[in-house]
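Each of the next two complexes has chain A plus one more chain, namely chain B in the first and chain C in the second.
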Partner chain A sequence: MGSAPVSDQVYLSDSVRAAVKILVVGHFAVGKTTFVGTLSEIRPLRTEEIMTQAGAHVDDLAGSPEKTTTTVAMDFGRITLNDHLVLYLFGAPGQKRFTRLWKDMMYGALGALVLADTRRLDASFDIMGLLEEHGMPYAVAVNQFEGAPLFPEEEIREALDLLPETPLVTCDAREAGSSTKALISLVEYLQTRTPAQEQR
Partner chain B sequence: MNDHMTNELGWMLDEVLKVPEARHAILLSADGMLRSHSQGIGRDEAERQAAALSGLQSISRSTAEFCGDEHSPWRQTLVEFADGYVFLVAAGAGAYLAVSATQHVDMETVTYRMQKLVDRLGKELTSPPREDAAMAPGASPS
Partner chain C sequence: MTPPLRRERGLVRPYVVTDGRAHPTRNTLDLVTLVNGTGSRPLTGLSPEKRRVVELCRPGALSLAEVAGHLNLAISVTKVLVSDLIDSGHLTARAPIPRTELPDARILQEVLDGLRSRL
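Presenting the complex of A and B:
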């Protein structure tokens, strides 16, 4: 065979036995690109473009006026959770006009992490609806922006109309610890739903 | 061990790089996971490119209607840079083959070699859909 993978700085352990594709989704400007960038152990793939005036009417920047770029295709990153499990994170664009790409991106994914913003919880309904439509299990992580209102978990659950078993956690997408925990809550949830599911 | 955790097909990809001016080759599954890569590209970079190429394929396919018929099967995407090209073709059901090359490459030779490789490997190159997953995106192996 003779073609041992040429390794960059980051070493992917031989003990890794399962590679799992996970979607990172959420509405426009919720922090998906930041989340994937924070967690990826390799240089993440980003497809950001400067936002133009043409999108001003449809892409609501309420709450993030300093935002100047938006993802037009996808984010991608890799995180090794433990010796046996590596997650491949695929971030999908938040705007509705990219729904088609979104559907393709679901192919092969085991689950999704829905990022939410307490200032615009209603904007998450379309995202969760699309996932449910395709039978894609998900967990919800509130990306706690500075200055965004803090609500008790129960109120957020109610506002998002979550099923009792759907995990709900809070994270800061700029910070690895809480973001990793958000992913772990999703993975644990997937394991309870599909015990010992075969990877491909 | 999963297929894409190894690089068993890598040597076959190296074959296609015998075309003068070809740079790298990547085999990926329709869900954007790396299946195999040629020797000259690192694994991390190959994984990132595999994800990007799956997005490229998806977006390419969504332009079918612009070309005439929404349901026309996608066959190839060609990307041109100032100093080179990226070729992306279907490689059986649920798999794609991508090759990069310098601007001096003979484009016809590359695409011919890529098709030959796809033909020769046949079943070995396909990623059958997971039984528990949604339908594969409409990649037509044509």
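Presenting the complex of A and C:
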């Protein structure tokens, strides 16, 4: 990474005046980085934050149980929506212990898209719980991996214990069309939420 | 008790980079705050890291997260540096994000229109 070559396209258009963000969350290897990379107009960037001890030993990725710090990577990309508004997509792991990163990510975010894998639906519970705890509205997109079992929507809803209004869509994180549609279903859902429902 | 020592050593670098501060001078900065170089202040006296931030932001606007990503800095460190550089007049924050619990209906519509236009 380091000193990435900076070309003109790296910068925002001069007319851009505001930025919004949407989170792309999910368990390890669910396709967050792929999803962000598919939709981003810039080469996706990564920032890393060093986290201290707590819980490091239960990380899926922790190489050694003695590890005292762990690095959390956050991948993000950018979509210029019109001449004055830009959308950033932040993909990050949804573990509870990364509180500071979560606070940074959630601050001002419009909502979250939870990526799920039908082979590991139970692995999505923690993330959905965390979002609910923070009052962050979300939609669920099943990233359809090749060879992964196909289930009727009702079964997935039931397995994930989704509220009736929570959008559930299927996408292929490698493909822009279905990934864009997944974001659209999230934003349509955000539009339907009345102020009364958003008060916590 | 070596692991704690090692951990402390690992923290030295960001600490030095930020002149020993863990928190930025302003708390309005967000990952998607857009910053731009003003080009009106000399780089003399700036630390190497601040200089890199100013040089990166000179040609155009970037979000704070992008500054961190391009320069391979942690978000927390970048916030401190960017905050200082806004205070010193090297950078301007182009689009401060209002802290609102409810996304503006107009913004949501613009996001939706922008996404639909990509299909």
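What we mean here is this: the second predicted complex is superposed on the first by the 134 of 200 C-alpha atoms of A that agree within 3 Å, B and C clash if a C-alpha of one lies under 4 Å from a C-alpha of the other, contacts with A are read in each partner's own complex, and residues count from 1 in each chain.
Everything that follows uses one rule, which is that contacts are C-beta pairs under 8 Å (C-beta built on N, C-alpha and C of every residue); 3 or more make two chains touch, one makes a residue touch a chain.
Quantities reported herein were computed from a predicted structural model and do not represent experimental measurements.
In the superposed model, A:47 makes contact with both chain B and chain C. With both structures placed on the common chain, the touch criterion links A:88 to chain B and to chain C.
When the two complexes are overlaid on their common chain A, residue A:134 makes contact with chain B while staying clear of chain C. Between chain B and chain C, the partner in contact with more residues of chain A is C. By the touch criterion defined above, A:191 lies against chain C but remains apart from chain B after alignment on the C-alpha atoms of chain A. By the touch criterion stated above, A:21 is placed in contact with chain B and with chain C alike. By the document's definition of touching, of the two partners only chain B reaches A:73; chain C does not. Of the two partner chains, chain B and chain C are each touched by A:105.
Within the superposed three-chain model, A:159 lies out of touch with both chain B and chain C [touch as defined at top]. Residues 1-4, 6, 8, 10, 12, 16-19, 21, 42, 45, 47, 74, 76, 78, 88, 90, 100-101, 104-105, 107-108 of chain A are contacted both by chain B in one complex and by chain C in the other. Every residue of chain A that touches chain C in the complex is listed here, in rising order: 1-4, 6, 8, 10-12, 14, 16-21, 42, 45-50, 52-53, 66, 68-69, 74, 76, 78-82, 85-88, 90, 100-101, 104-105, 107-108, 110-111, 176-177, 180-181, 183-184, 187-188, 190-191, 195, 198. Considering their complex, residues 1-5, 7-8, 10-11, 14, 29-33, 37-45, 47-48, 51-52, 54-56, 58-59, 61-62, 127, 130, 132-137 of chain B touch chain A.
By the touch criterion given at the top, residues 3-4, 6-7, 10-11, 30-34, 56, 59-63, 65-66, 68-76, 78, 94-95, 97, 99-103, 105, 107-116, 118-119 of chain C touch chain A in their complex. Residues 1-8, 10, 12, 16-19, 21, 42-45, 47, 73-74, 76, 78, 88, 90, 100-101, 103-109, 134-135, 194, 197, 199-200 of chain A are the ones touching chain B in the complex.
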